[in-house]
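Both complexes below contain chain A, partnered by chain B and then by chain C.
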Partner chain A sequence: MRPLVETVNLKKYFSVRRGVARLLKGRVKYVPAVDDVNLKIYEGERVSLVGESGSGKTTLGRLLLRLITLTSGEIYFEGKNIMLLKGKELKEFRQKAQIIFQDPYTALDLRQTIRGALEEALIIHNLYSREERLETVIKALKSVGLVPPEFFLEKYPHELSGGQRQRAVIARALILNPKFLVFDEPLSLLDATTRVQILNMINEVKEKFNLTYLFITHDIALARYISDKMFIMYQGKIMEAGLTEEVLKDPLHPYTKTLMMAIPVPDPETKISLPPKVSGMDAYMVISLQGCRFYPRCMYATQQCKIETPLLKEVEPNRLVACWNIKS
Partner chain B sequence: MSSIIKRALKKFVKYFRIFSASKVGIAGLIIIIVFLILALGASIIAPYDPKATYVSRPFTPPGFKHLLGTDEAGRDVLSQIIYGSQVALIVGFSAAAVSTAIGTLIGLISGYYGGAIDTVLMRITDIFLIIPMLPLAILLALFFGPSLLNIIVLIGFLGWPGLARQIRAQVLSLKELPFVEALHALGASSRRIIFFHLLPNISGLIFASMIGGSVGAILAESGLAFLGLSDPRIISWGRIVARAIGSGALVRGAWWPLVFPGLCIALLACGFSFFSHGLMLLVSPFLRERR
Partner chain C sequence: MMPKLEILDLKTYYFVGPSIIKAVNGVYLKVNSGECIGIAGESGCGKSTLALSILKLVRPPGFIVGGKILFNGTDIIPLSFNEMQKLRWRKIAMVFQGALNALNPVYTIEEQIVEAITTHMKYGKSEARRKAGELLELVGLSRANLRNYPHELSGGMRQRALIAMALSCDPELLIADEPTTALDVVTQAQILMLLKDLQRQRNLTLIVISHDLSILAQICDRIAIMYAGKIVEEANIRDIFYKPAHPYTYALINAFPSVKGPKKGLFALSGEPPDMSKLPSGCCFHPRCPKVQKICYEVEPKLIEIDKEHYVACHLYT
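Up next is the complex of A and B:
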């Protein structure tokens, strides 16, 4: 079967030194936000992408939607290289792939009503007549739980709560009936009660619209509720991939284990156990392009890990890990 | 056909209701309307012929015969001010409109597209920024003869670089916001993003530039009139002041041909400024008070 979304050796490097500093220091420094990522997402799959801040997960999400340019590699959507799309084909792609941003406060134009924002998506793609558009907007508002829809049509973003805004943002993405969605931490800026409501709403619409999505999050515990498959990302590299249940039950990569340890246990008697050799500072100070990215923080690191970069290998059926210490 | 008119009327009523929530905006609208009436009905409203000299003795103080006194040649100041409002509105509005339009367009395109387009447009802006107004005014007056159109063109085409830079800076930060990225993801064209989303979001700057520009144009016209670089046949507020100062009004204690036209300039500027408060409500829903 052909994957809906596929990346081949995808790389995105951001240059650090620019302008005058670049002329003075000569060499350009790069941050590998996304480094050699190969992933496949099949139709109907709900995938989560888990990683800490700065791991490049948001960059990867934006790359998949062609919102930023790539450094090298290829991205395929329905078998077509999206970087080569033009004109009509590009517009079709824009209709089929949508993104939901982290911050619902800035994801909407403050000078546009909710109806205006949703209707604009339809106008851009020349869908429906005037009356049908209004009907479609109302239907979309209902599906994300903004009821009664008439109440929200003429509202401006500042008149809504954070949760309502995020619902509106999701409605705007869903109104085009996309085949693929990227959720870029849509819950992290909402408060705890709203978070649960939105999470439930996403779970409802995913069945209704038969969505395929990539859910970006830093919360490995959340991944269980929204995904069947997961990717663990660290400093631009995929460290582990597999079925969510299996990864959570039996994390293989040392980094995944660290993430699991960070999940708080709801029991005051339980002492928080941090992994023995973790110095958070190292992670941000130097990103070494040599060896395993996790080497400075890894408790099982060997000499090999320092020199050679481990490749993502299938260690069990449907289970990929990039670590020298895990043998299949 | 009538349904279109009806819909337009309904929209107008709706927008006027939003506008009228601003008391200051209404005050501004009234000031502008008063000046408009004065300008349009000048020939009916003005008590004297503004060009008729020695209607009374020079520098007659304000009184019943001449509400605002007379100037150095015995002309009625009130009548001149009424006729002068025509020039003030025409010069102020059209010069500000020209410079604001150019500045907005260049700033938007430069900020949005960036790269080579930005560099080229900003270097052109730099060139316009350093063109001195006075020598150019003299040149224009030399080649085309002193006229009001010259002044409008001059102020319109030299007044935009500052605005262009401000708008470019605003757009640079606006275009990084997620809502612009969301529009890209929705497949919106650049034209749609620039004119339907970025333009409304910089409307505050545009209004400010319109106000500043029109006041600046009224003042610049009087300055150029003082130097004899404007059409000598027209009556403008600046000219009343300039002529009065030139013939020693201050020495003789005749403050009225200086103060009243100056007040009019200030009042019209206030009118524009107040009016924009109401307009801001129309373009920025989050400023409206909740009912």
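Up next is the complex of A and C:
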């Protein structure tokens, strides 16, 4: 079966120019935000992408939708290289692939009503007649739980709460019947009780619309409730991939293990513990392009890890790990 | 034994134009010496205002309009600015929210800690510098970090520096407002363990404010749940998690996903937190409460003891 979304050796390096003098000397530093990522997402799959801040997860999400350009590699959507799309084909892609941003406060135009925001998407893609458009907007609002929809149609974003705004943003993405969605930390700015409401709502609409999505989050516990498959990302590399429940039950990569140990559990009986050698991320930690990215923080690191970069390999059915110490 | 801190019917209101925002609206809280108490609630429930009130740092248009704050048995509300200044940092210190912005970007870590020490204690410059170095080592940084500017440190290191600064005058009570938001999980775990160690080693009394119950579950002895400016439940940590009495506590605990153990369904509470300038009648939680009764619309429930040291404000128990 052909994957819906596929990346081949995808790389995105951001240049860090440090002063004019260095630039003239030709010394430009690079941050490998996404480095050699190969992933496949099949239709109907709900995948989460988990990583700490600075791991490159947002960059990867934006690359998949061609919101930024890539450094090298290929991205395929329905078998077509999206970087080569032009004109009508590109517009079709824009309709089929949608993103939901983290901050619902800035994702909506403050001077546009909810109806205006949702209708605009339909107008741009030239869908439906005028009357049908209103009907479609009402249906979309209903599907994300903004009821009664008539009450929200003429509201401006500032009149809504954070949770309602995020619902409106999701409605705006769903109204185009997308085939693929990227959720970029859509719940991290919401309060605990609102977060559960939106989470349950997403779980409802994913069945109704048969959504395929990539859910970007730093919260591995949340990933459990939203995805069937997960990718663990660290400094631009995928470290581990597998079925969500299996990865959580038996994490193989030392980084995944560290994450699992560090995450606080809402239960006073289960305390966090950290492996002895693990240190936090250092702001100025040099990312070495040689060897394993996790090497400086890994308690099992060997000489090989310092020199050679491990590739993501299948070690068990449905489980990929990039670590020298794990043999299939 | 006299509690370290006792708050009685505290009210802190913000007077914004014609409306009054009752951020802290009749809070009762008792904190014993050496205890770590967590204050949990959603954004806008008044937990940060409560913390600022304890230090009397609420700025206009916010004012403390009533109640008592007894610190070591003395009410601090009538104290003058100068008298209060003697308590701040030397007795009660605070780690402010937002580690990334709470430090001054144009001064080194050393200058900032030394300033805190020399302002509040009779220390010479060199003595203060020596102490600053010791403090950094205490929180897991090195003396070399003294010369760094905040932007040269990572988020976790900045948070450690802030904790060092809060400890600079050996306070008896430390208030940490959202000490780990914006930090990565591994760094967060380290900061939590550091706070717990400090509490044990120095017999600190600790108040930790967070919206995240799973963080409080890791370090607190007792937890107070706040909703719409009031404490709705207070109990030791096991009772809060295993025998929650207030429907809001129940909802909040079951709103947090867990990575370990069987996958439980998450409980979704309907509705939104109330507008603090237009609080609902009776019990503020009644519009969202799954167990609402007729009385809840009219009468405000009082905080009562339903079990040993387990307090709840809910009509289900009256």
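As a working rule, the second predicted complex is superposed on the first by the 314 of 328 C-alpha atoms of A that agree within 3 Å, B and C clash if a C-alpha of one lies under 4 Å from a C-alpha of the other, contacts with A are read in each partner's own complex, and residues count from 1 in each chain.
Keep in mind that, in the parts below, contacts are C-beta pairs under 8 Å (C-beta built on N, C-alpha and C of every residue); 3 or more make two chains touch, one makes a residue touch a chain.
Because the structure is a prediction, the values reported are computed rather than measured.
For the composite obtained by superposing both complexes on chain A, the positions of chain B and chain C are free of clash and fit together. In the superposition on chain A, A:302 contacts neither chain B nor chain C. Greater residue coverage of chain A by touch, when chain B is weighed against chain C, goes to C.
Look at A:72: by the touch rule set out above, it reaches neither chain B nor chain C. Look at A:220: by the touch rule set out above, it reaches chain C but stays clear of chain B.
In the overlay built on the shared chain, the residue A:210 is in contact with neither chain B nor chain C.
Looking at the shared chain after the overlay, A:161 reaches chain C, while chain B stays out of its contact range. Within the superposed three-chain model, A:172 lies in touch with chain B and out of touch with chain C [touch as defined at top]. Of note, the Cα-centre angle with chain A at its vertex and chain B and chain C at its ends comes out at 80 degrees, rounded to the nearest 10. Of the two partner chains placed by superposition, A:15 touches none, neither chain B nor chain C. Shared-chain residue A:267: touches chain C; no touch with chain B.
Once chain A of one complex is fitted onto chain A of the other, the partner contacts of A:196 are limited to chain C, with no touch recorded for chain B. The least CA distance from chain B to chain C in the superposed model is 13 Å. Comparing the two interfaces of chain A, the one with chain B and the one with chain C have no residue in common. By the touch criterion given at the top, residues 52-53, 161, 163-164, 191-197, 199-200, 218-222, 224-225, 245, 248, 258-268, 270-272, 274, 278, 280-284 of chain A touch chain C in their complex. Those residues of chain C lying in contact with chain A across their complex are 42-43, 152-157, 184-190, 192-193, 211-215, 217-218, 237-238, 241, 251-253, 255-261, 263, 266-270, 272-273. Only residues 62, 65, 67, 90-91, 94-95, 97-99, 101-103, 106-113, 120-121, 124-125, 156-159, 169, 172, 176 of chain A touch chain B when the two sit together in their complex. Listing the residues of chain B that touch chain A in their complex gives 177-179, 181-182, 184-189, 192, 196-197, 200-201, 283-286, 290.
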